[in-house]
Amino acid sequence: MTLLSIRDLTVHHGQLRAVDALSLEVRQGEVLAIIGANGAGKSTLLRALAGLILPTSGTIGFAGRDITRLPAHRRVSAGIALVPEGRRLFRSLTVEENLLAGGYRRRPGPWTLGAVQALFPWMAERRGQNAAQLSGGEQQAVAIGRALLANPDLLLIDELSLGLAPVIVRRIYEALPEIVGAGTTALIVEQDVSQAMRVADRVHCLLEGRSVLHGRPGDLTAEQVEHAYFGLDARPAGQEGHD
Amino acid sequence: MGWLNAVVQGILLGGLYALFATGLSLMFGVMRIVNLAHGDLAVVASFLALALVGGTGLPLWVVLVVTVPLFALLGYLTQRVLLQRSLAAGPLATLLVTFGLSIVLQNVLLEIFSADTRTLDGGAFATGSFELSGAISVGYLSLTTFVLAGAVLIGIQLFLSRTGLGRMLRASSDDAETARLMGADSRHVYGIATAIAFATVALAGLMFAIRSSFDPSIGPSRLIFAFEAVVIGGLGSLWGTLLGGMVLGITQSLSAQADPALTLLAGHLVFLAVLAFRPQGLLAGRTA
Amino acid sequence: MTLSDFVTARAAGGPHVSRAARASRLSGLVMAAGAALLAALPFLVFSTVTDTLVNLFVLVALASMWNLLAGFGGLVSVGQQAYVGIGAYTVIALADLGVQPYLAVPLAALTCAVFAVPTSWLAFRLRGDYFAVGTWVIAEVYRLLVVRVDSLGGGSGKGLTGLSGLDQTLRGALTYWIALALALATIAGCYLLLRGRLGLSLMAVRDEETAAGSAGIDVGRAKRLVYLVSAAGCGAAGGVITVSSLSVNPDAIFSVQWSAYMIFIVVIGGIGFIEGPLIGALVFFTMQQFLADYGSWYLVVLGAVGIAVALWLPGGLWGLVRSRTGLSLFPVGYHVRRPDVRE
């Protein structure tokens, strides 16, 4: 079943056409990774899905309704939560307060403060600590926990690995199966291609705002991905791999 | 009156300044708006109470109970109708809008109530006092004001730290865009912040009005007290504002003891000294 | 650049760059003729007219100075009444010492520039809105200090000496000319200042302070210079107010109402355009004359109109004229306007 359906979506970032007539679908319960080089339009796409930027044209359908023009704060109630690039924790709030802020809309679901603390046990011990004092990896985990407390049907994660050591990244990604197991669908944007291939059910590679390659990680060759990533290949979009 | 008594009076006055400054601090913290009409709003509350007491004959405390929620509602509406638009139009626009509001309020009051100096009659309660010791005498009104101010500040602090909406106010102050990602409608959050600011400014305005005389043009000088309390204490810190109010109150009270003509000047000079030597304020780096 | 070019550039949404030299040469001639006519006015009309115009010229000068400060320097002050007051009191004090009051007006400007130096050290520690209120507090401090000086009349103010010997008609004409000179000097001063290197620095600082700093512009120096010039201009205006009214009252001369006038005249006329204060002062002046019989309602209208313009017409009246016609009487260097005015 399709949870998220993007049709001919064009989004501008200032003057730049960051997402260019993109169409893609995310199915219930899967992990879809979007890979691509810097400036491929990945973050702009996620920001548009979260409602922070209004698209220029095209539609976004979510759980059977059109949410293209829905304001950001109402998308949370609809079931979309974004873990923004750079973590963006509330600096003057404690770890626990940051997590609770995620549950502001009180959307029912499996994720409670206790459930998140069970997923990342250190958060219970350090609940009173100021979020600004955490390490980058810890901040990323809190940012994910915060988004989970919104009990989203669709979790969007932007550049999880950015600025973090690979071992830390791997540890955070270990929580992903449990998150998806609880009924959440995940759309992740990742610059680290091998990491994305490891955790995703399907990947899309973006180049200049268009999807130039998609398929299951197992069906794609390293060469195909490399070509799509750097735009070395002139073949038309979406022909490789299969859905 | 001795010096010690002056300090006690200054602390009590400082509580009122803090209550008065809280709204200014909150609106700046959450929306980055310095409300230049802050002092005039206090004066509007004073005149409204005066008109209500004169027109209906209701006791003062009833008027108080009516005025404060009315101002909260007014604050919410002002944010949604005027300030939200100005936020979208850029930082200069918010300053111009609140300054314009200040000019409008002052002159409307002037036309309705004339330039005469008024007082709000608090009866025996406002003038009565008790002796704490031989040298220190505490007025019932000063003490009540101080206790009320303290209670309101604690209440706001609890609201900000214990409730979801209060947390979201602080979160919006840190990062408004990310707060939207948590499902917060920033217009509503800002409306609540403005409502609290207006309610506290109305309460403080009524307390000022019972304490001392007022006229339509006194708002700007009241705004300056609030602003000084906020800057002396440190921007965006509720306890800093309380400290700032106390420093201002004690300074004014002590200098009045020395020479009544120095009262205002001494307060301003302490403010400028903080600005020169500790621009981040006495209690910096903490958020409301 | 033709009108259609302008419209196309706007429609394309790209940045629009212009330097309208031809229009400015023509407008220069028209303005020189206008100035000559205004200068001859005391010989042509009754003194009631010229006396009223003195107020207009003072408003133009004050508004121009605030526009320079806020519209070009990005320094939104609500405390320029400090310099109006200091300028006024300087004329009073110098006249007491035997200086001819008309000659004291330029000295008042100088005095204000001197006072502005230490003041800027303090005020520049505050940013944005806090700068606004901070300058206001500083103006209050100056007022409270002045009323403590008994030789300046304390809290009740003081009359101006040294003009009683002059014939009333001549005095009226001289006051008119000095007010006109002040208005012309502030406008010409802004124009020349902004046309030069400083103008470019200032506009860079106003638009993006950090970037301007990293591009090698001494941000602090540019801002301080603007602050000093603006203080001097406001001081001279204060001096003109004194030679016109022949007395000074501390509460009135240090009143924040001067800031209200300056700010809303500039905002209504168009902030960041040299033409803005002229247009705004004319609008305000007309409004003041029409609503003269209705007490202080003109201030209510001023505040309300100011709010409305700030919200819905950020470029003010001149911005509207300019976007419709591309007209510029005082082109100060290359104007680059982003199509999106917001943010």
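By written order: A, B and C. Residues from 1 in each chain.
In the analysis below, a contact is a pair of C-beta atoms (placed from the backbone, for glycine too) under 8 Å apart; a residue touches a chain by one contact, two chains touch by 3 or more.
Computed from a prediction, not measured in an experiment: that's the story for all the values here.
Of all chain pairs, the one joined by the greatest number of contacting C-beta pairs is B-C. Central chain (C-alpha centroid nearest the global protein C-alpha centroid): B. Centres computed as Cα averages put subunit B at a distance of 32 Å from subunit C.
For the pair subunit A and subunit C, the distance between C-alpha centroids works out to 53 Å. Each chain gets one centre point, the mean of its Cα atoms, and the points for subunit A and subunit B are 44 Å apart.
If you check the complex, the residues on subunit C that touch subunit B are 70, 76, 78, 121-122, 125-126, 128-130, 132-134, 136-138, 140-141, 144-145, 148, 256, 260, 263-264, 267, 271, 295-297, 299-300, 302-304, 306-307, 310-311, 314, 342-343. Interface residues of subunit B, counted against subunit C in their complex, comprise 28, 32-34, 36, 82, 85-86, 88-97, 99-104, 106-108, 110-111, 220-221, 223-224, 227-228, 231, 235, 261, 264-265, 268-269, 271-272, 275-276, 279. Of all the residues in subunit B, the ones that touch subunit A in their complex are 164, 167-168, 170-171, 173-175, 177-186, 286-287. Of all residues in subunit A, only 50-52, 71-74, 76-77, 81-82, 84, 88, 90-93, 97, 100-106, 146-147, 150 touch subunit B in the complex they form.
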